[in-house]
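Here the structure comes first, spelled out in structure tokens, and everything after it is commentary.
Each chain gets a letter, A, B and C, in the order it is written, and its residues are counted from 1.
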Amino acid sequence: MTVTSLSTARFVELCRTLVAQRPLVHCLTNEVVQAITANVLLASGASPAMVVANDEAGDFASIASSVLINLGTPYPERLQAMRSAIDACQKKGTPWVLDPVAAGVLPWRDRIIKELAALKPTVIRANASEVLAMAGMGHGGHGVDSTDSSRAALVAAQHLATQTQSIVAVTGEEDYVTDGNRTIAIAGGHALATLVVGTGCSLSALVAAFLSIDNNALEATAAAMTLAKRAQEKAISQTQSPGSFRTAYIDALFELTHGAAQ
Amino acid sequence: MTVTSLSTARFVELCRTLVAQRPLVHCLTNEVVQAITANVLLASGASPAMVVANDEAGDFASIASSVLINLGTPYPERLQAMRSAIDACQKKGTPWVLDPVAAGVLPWRDRIIKELAALKPTVIRANASEVLAMAGMGHGGHGVDSTDSSRAALVAAQHLATQTQSIVAVTGEEDYVTDGNRTIAIAGGHALATLVVGTGCSLSALVAAFLSIDNNALEATAAAMTLAKRAQEKAISQTQSPGSFRTAYIDALFELTHGAAQ
Amino acid sequence: MTVTSLSTARFVELCRTLVAQRPLVHCLTNEVVQAITANVLLASGASPAMVVANDEAGDFASIASSVLINLGTPYPERLQAMRSAIDACQKKGTPWVLDPVAAGVLPWRDRIIKELAALKPTVIRANASEVLAMAGMGHGGHGVDSTDSSRAALVAAQHLATQTQSIVAVTGEEDYVTDGNRTIAIAGGHALATLVVGTGCSLSALVAAFLSIDNNALEATAAAMTLAKRAQEKAISQTQSPGSFRTAYIDALFELTHGAAQ
């Protein structure tokens, strides 16, 4: 199977389009990462909104450009809002991203992940241990952290993509985006990002943002992952510690997208 | 209608009083901005507390200096706690602020906003699209972001103030505070603040803090908005990117209030 | 009663062990501080996870290295998840920390604190006003902030430790850790930390992390508190304002633990 890369020209084009269109991303995400998710989207040129009540989540998903469903801290009431939002996506053809946090660790959550993955998310964005678990090849991560390399999860990602008819994006030392046939690899980035909570979860939101501005979902997903990798590299050139890395990462997302937009 | 400004001497006096009195601000706010709201209040000299269970929200509002009600992520249980807190404010004469996030976008939320606005908040703090929507003159924002200028919402703000008997504070390129008769304008600030989640929501908390330390609610509200504008200007003199702007903004709030306090 | 200190060699050893073992800390904490709690744990070498549904909180606590129960924003559903997690801790012998935020201020909350304190937490980590309230010697804090000095709460802490059979850790200008007989004092730190939301709450999470890597709970708790004090000192040497202090504090936690690990 051929693994290709995203051209710089295409990456720059997609960043420019994102800033120009300012898509509205409806985020139903976990309790821990809401602020960084909103800040990552704002810095990159998108417009985040967290509408969480079941009474209005479907209505809001209907007018959103795309939707993020992140299962970091699911509980019954919030899951109802997620189901309403997904239902609206299906009716409207709105792209949505599933982030199956900690797949393979807890049985209750795994049943939910299975249920939502069957609803054909446009993209499943996950770490290596989560992808391996969803493909039935895993042995569980360390809580919410991956204990496997993304390379080791590539075959599982391709298998999962074929099985779910979703694009699967697996992040790690090298990132891969695959629809089961075609695969794009994105190298670079920096491991210090794993010591800042929400860099992975907010990347799933960025994927949702890019999905709404281009019909090529594989390349749009790869653009989001490329943006995160480039921003990590820009941040690590300025600091080696995670507190200031977090700040530098947000700055870099803004500078990369708004520089590309000029 | 005359538009006046807040004198520097009065602004400095109110900042000094805030730091000296350290008012206790009970915040019932949205999920996304809780940390920045607390940090903005702490940096400015107030003492934030988020008490969210309906079982104790009324009791806590009874001992708080002021209360913030922000409708960014409402859901039924949390709304009950908000109603209990508002009820306590009405019994005790405690000032409270309503932040009607995304007014005009979703019908369920609009019914709640209408219900709570009828309970006579001391101040309604909102962006231009929200004020226009509440005054029945709007066409809806872009999710939670304003698509209108504050200048365009000034007449709507004055109308809404007369209608609700609340002070209305509308933020944008220029901020306006009005009771329907008198209007104070606050110029300055910087648009990069709109790329940091929670700068608007935490300003509503700052308004609540200032309301508790002075009987002139119009001027107290204007002082909070002046503080935010001055802190944005101080921050933009240090950085042009939103991650470090967020940090510089909190620093500036502290330096402006605690410098004023000396 | 003798008050001793933790040796530097022991502190360094415990930091090295933390980084080497990367314990999984299950945090059931308040809405305001979830991100800083995760970032403090990640920077210090631990692996945080917030699993909040009652449907899976017990299962996750069963596989966690330690558990944090923080009562900053309790409500009935979340309390059920906390009880399930505590139950799992008792069955497995997993250490857990109780952070009784705002003890002595609100009757509903005080009943919960009393109920959970009776379940023999390994450590109760609190500010001076909270310790005085729990020991029945208090007059209430200012919302969630302490109005008493830690020195004034030392006798209450020793009394509370004897009464609950828990270790009691009281933070303030000087920190104390006591089991009722032995007491370790930790000096230093900086008061600016009290203007950054979550420094206290995330310290309780750090205590949970250290508890899981050493059988001497008194010294493990003291090591967590020493780490926080040293990181505050490192941060204040770089900035005098709370926004950048927050960033510098996270950086310092990383540098102190990962430097110690080399």
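The rule we apply is simple: a contact is a pair of C-beta atoms (placed from the backbone, for glycine too) under 8 Å apart; a residue touches a chain by one contact, two chains touch by 3 or more.
Because the structure is a prediction, the values reported are computed rather than measured.
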{"item": "Partner chains shared by subunit A and subunit B (touch criterion as defined above)", "value": "C"}
{"item": "Interface residue overlap between copies subunit B and subunit C, same or different (over half shared)", "value": "different"}
{"item": "Rounded Å distance, subunit B centre to subunit C centre (Cα mean)", "value": "32"}
{"item": "For subunit B, residues contacting two or more additional chains", "value": "31, 35, 246-247"}
{"item": "Residues of subunit A that touch subunit C when the two form their complex", "value": "30-33, 35-36, 72-76, 102, 105-109, 142-145, 194-198, 239, 241-244, 246-247"}
{"item": "List of subunit C residues in touch with subunit A within their complex", "value": "22, 24, 26, 31, 34-35, 38-39, 42-43, 47-56, 59-60, 63-64, 77, 246-252, 254-255"}
